[in-house]
Amino acid sequence: MRQAGAEGPADGPGEAMHALVERLYPICRSITGDGVRATLDIIGEYLPLTRHEVPTGTQVLDWTVPEEWNIRDAYIADAHGRRVVDFAASSLHVLGYSEPVATTLPLSELRSRLHTLPDHPDWIPYRTSYYRRTWGFCLSQNTLDALPDGDYEVRIDSTLADGHLSYAEHVIPGQVPDEVIVSSHVCHPSLANDNLAGIAVATQLALALAAETPYYTYRFLFAPGTIGAITWLARNQDRIDRVKHGLVLACAGDRGALTYKQSRRGDAEIDKVLRHVLAATERPHHIKEFTPYGYDERQFCSPGFDLGVGSLSRTPYAGYPEYHTSADNPDFVSAAAMADTLAVCREAFAVLDRNRRYMNLSPYGEPQLGRRGLYASLGGRSDGQEAQLAMLWVLSLSDGEHSLLEVVDRSGLPFTAVAGAADALHAAGLIKA
Amino acid sequence: MRQAGAEGPADGPGEAMHALVERLYPICRSITGDGVRATLDIIGEYLPLTRHEVPTGTQVLDWTVPEEWNIRDAYIADAHGRRVVDFAASSLHVLGYSEPVATTLPLSELRSRLHTLPDHPDWIPYRTSYYRRTWGFCLSQNTLDALPDGDYEVRIDSTLADGHLSYAEHVIPGQVPDEVIVSSHVCHPSLANDNLAGIAVATQLALALAAETPYYTYRFLFAPGTIGAITWLARNQDRIDRVKHGLVLACAGDRGALTYKQSRRGDAEIDKVLRHVLAATERPHHIKEFTPYGYDERQFCSPGFDLGVGSLSRTPYAGYPEYHTSADNPDFVSAAAMADTLAVCREAFAVLDRNRRYMNLSPYGEPQLGRRGLYASLGGRSDGQEAQLAMLWVLSLSDGEHSLLEVVDRSGLPFTAVAGAADALHAAGLIKA
Amino acid sequence: MRQAGAEGPADGPGEAMHALVERLYPICRSITGDGVRATLDIIGEYLPLTRHEVPTGTQVLDWTVPEEWNIRDAYIADAHGRRVVDFAASSLHVLGYSEPVATTLPLSELRSRLHTLPDHPDWIPYRTSYYRRTWGFCLSQNTLDALPDGDYEVRIDSTLADGHLSYAEHVIPGQVPDEVIVSSHVCHPSLANDNLAGIAVATQLALALAAETPYYTYRFLFAPGTIGAITWLARNQDRIDRVKHGLVLACAGDRGALTYKQSRRGDAEIDKVLRHVLAATERPHHIKEFTPYGYDERQFCSPGFDLGVGSLSRTPYAGYPEYHTSADNPDFVSAAAMADTLAVCREAFAVLDRNRRYMNLSPYGEPQLGRRGLYASLGGRSDGQEAQLAMLWVLSLSDGEHSLLEVVDRSGLPFTAVAGAADALHAAGLIKA
């Protein structure tokens, strides 16, 4: 059950995001196949998407696009023909990328193909085997325990064949060609927080940014995890230096506090922006050092690319018991939490978009602000206004080495005051970007 | 009343400084005019000064030297001709740079020209309007409250006309042309701590340094705030690289603890020296980061110059209720506090003058100190004397990268021991500066 | 008495080291002379040594090899001919490098030649006068106090004459010519912790390393303190850049916690290694900053050489009352403590030998570990194994800037896991050293 009171208004972006999560939830996604395409079709109803289909066998960096996997039906049936495990009930029931099978086995032989979670006997685990051919089923421990010995009919009606890897992009042109990428993985089946919530936040974020003319060009990437990001990187390697900043959105909807995982660099501008926004808004939050495990920041931050890409989550990767189980369902994510994640993204990109390094064009002594109408005329008073102090700080630190965020850090003034001061000084011709 | 016991001896520099404060107190100073000249005349009785008069209209960096302001009389008189506010009683009564006026107004119209401090109803505030032509009076709230409605004669007998901006310098030649500037502003009217105490400490400091042959050349600057520092910088721009260190003296006489505000660089040598001296002498004190607000360190540290200039105060800028009011009178400053500020300045410049980076001329292994008479001959004892340890430290860190102050920081030894060791090693030809 | 329970097994390296300490203890060593040669003879029974004899008068850096000192007998005898102080009872009784003397003096005149420890009236102090010609005796305060006034026969049968300074080296060839030096001073007479324990640990360490083929070439130096290290440096100045790391072993056997004193650089690789090993093994220990006082790290770390040489002790230099007295006898050091020092040395050199900077040869995105058999095939599980995580960390940080120890610091993984991952990745051709 969603917690009352923690939810946003019924018609707000939170509810819209939750509705999208619920709509996408039943689809069986994997790293390739029709489930990904169906997901991109639905996202495409919100945002115009550029779709890409990359053939099986294409070399992408150190990897090769695998065969496409599609599945129509799967079940385990008992001696009476009753489906005791049924893919139709949950897409998690089949081990991802299972090869087709149609056989009858005694339970004793079948057991090694069955994955359960003994510690959470009601939950179905999520398991895959992308790169080693096998098949299997996932089911609750309780279901397994209730199965009598005997023969079971096993059927997986799947296809593993040449096909394509599918991903999509949505670009919001900015004032400059420098890009911010926002990436969310679309390869997980019926798991709400990981990563339908990330997809939903990305979608609403794109809608919000499209209503403005942002400074940066924003590129939203909806691709399968790992192989999708690697494919995108391989196909964009020659233009990768356009990517100045980025954010991976994952686990964006649970009720825990926000977690920002820094880029491998640790002092990339996106790291400074997120640290600032999370601290300034006084939300409870966690800042984590980069680790080479997690989501697609692994690829974007690999040492050859080393992009300034961080990752925003609520409870992070593997940090909650429901992670990668059937308990990560639409009730596990909340409209309010997704709205909060969205709000932080919007604040962060608002700061990123205004964060500039300026040069003071009158750096010898203070320029005379008064004759430019930028300074209170009555001296002797100590109640210096924030706006005037912000101008002095921007002038003092506009030496090409300090960004506005660093002015904020040094001065303790709010970003909006500092950015407003920079705008006023820029309009007066006293600084240049 | 001055606190008994906290004062220095009656004939010490503290009393001399307090006498100078009392003598300068009645003069009405501003950023230009005869009050500044009278002040420089009195300082000139202590120190030979080089005087400068810069004509109105001279372009100085981004600024222009303003018209000169002089004032002979000013008052508000009631219907009976009684002066209810009288410039003769306090130079603070007139808004600084008031244009001349001679009129009669009802109190209701006059009110917008009257400045008071409702929270301190006995005190007269200090206000100026240097760069926007206007006029006004400052008075206590109690005085204002006692005024009956009715007409008042208002008269300000001032002149705003082409003239000059006045400032003065006193130079103590050192062993090297590299300069230390000591700056104190002379533009404030009857305010004792801000900045007659600074002027008094600077004057005594110059007398003390003149009795020695310091290493650096010391340049004392007595100039009006902001426009005076800007004028000096404009006229010395082509020789500014001679200025290696500097200190702005302001609010140097109240009974609060010392405050050192670091230069914009934060790690300038003057910053290290003051941090060391204040810590080593175990005085209660505060170290503050640079901010682009305050006194003339704003100009010296503007990003184009970025000089290693800090600021030494007791209670800093705007940090006490008496700031910029008639309560900042000679009783507010103490001889002992000024003597203490002076002592710290002398200690700091003694350290600065001896702080050098040396090169070990025998850097491969330790040189044999014993045969040079620099080492105790009896081995096996663990009671290594401070002087010998100091020599080993100086030898170890004399690689051109560490100053003696850094040797002090690393070794924990007193500066005098380290500097003495450097002198001995220098005399023995083992290190060079 | 040795503490029961703190000792190692009777046949372990601890007991072997203690036996060596006891054997070397009676010999009267100094910075030159037959005592050093006898000591090197005994070490040579364990390790093949290259012996060096450097003639008196040889210029070594800023120093000159002094005359060789040898002593056969020395005593103070009372009026009855009884030896009240006798060199035969303790080599400490004679001031080191005493010139010969044969005379009779009243006690009153003799007193200035007698060194005692009033605070420890039972102990004999250790004193020397290497570079100023004199003579003297060291004795307990109690012995001195018991001497009646009167004449005493004084005799020191010593020789100060042209001869040699003796030292020895033992080299264990490694896979690369880059060297690690392990230095222990051999100039102290009957003092167990300072430095027979260091000699004993160095000897056992060399035996242990010789049983392997280490990566680095290990050079063990047994030389007198100060002048010996300076002599070695002078004679190896043109090949000193082969020395990449080093460790001075001193005070290696008392029962106190281990102390690592960092090199002058403070961030040399040997510093990182010792900090890591001491922290990772959870021993109580101390890490100290470099000081230019102590043992031969003073010479190796002099600014001209500035080698990455630290010093490992238990209770450090002058940190225990027994230091440089007759109480630093074989009972003061324990087999268990020496075994513990040895163990840390072995762990440290094991880490140093494997610590490498690698380059990721597949730095764009992650390489596909699965097809190389380096990754578990079953996805979706969060129980990432340490080995796999270690591989991801090594790949992420193998950019030529991070050593494996820095991977350990960033990842929090054990060194062995990280080094094992590097081995696996290297074998798979994914990284190069």
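To keep things simple, chains are lettered A, B and C as they appear, and every chain counts its residues starting from 1.
What we mean here is this: a contact is a pair of C-beta atoms (placed from the backbone, for glycine too) under 8 Å apart; a residue touches a chain by one contact, two chains touch by 3 or more.
The shown structure was predicted, so the numbers you read here are calculated from the model rather than taken from an experiment.
Trainee: If you connect every pair of chains that touch, what shape comes out? Choose line, ring, star, complete or other.
Mentor: Topology of touching chains reads as complete, every chain touching all others.
Trainee: By how many degrees does chain A turn when fitted onto chain C using C-alpha atoms, rounded in steps of 5?
Mentor: Superposing the C-alpha atoms of chain A on chain C needs a rotation of 120 degrees.
Trainee: Quick check on chain A against chain B: do more than half of the interface residue numbers occur in both copies, making it same, or fewer, making it different?
Mentor: different
Trainee: Measuring centre to centre with CA averages, how many angstrom lie between chain A and chain B?
Mentor: The answer is 55 Å.
Trainee: Multi-chain contacts in chain B: which residues touch at least two other chains?
Mentor: Residues of chain B never touch two or more of the other chains.
Trainee: For the complex, give me every residue of chain B touching chain C.
Mentor: So the residues of chain B in touch with chain C come to 360, 362-368, 370-371, 377-382, 384, 389, 392-393, 395-399, 410-411.
Trainee: Of all residues in chain B, which touch chain A in the complex?
Mentor: Residues in contact with chain A: 61-63, 96, 125-132, 226, 229-230, 233-234, 237, 264, 289, 291-293, 298-299, 301-306, 317-318, 323-324.
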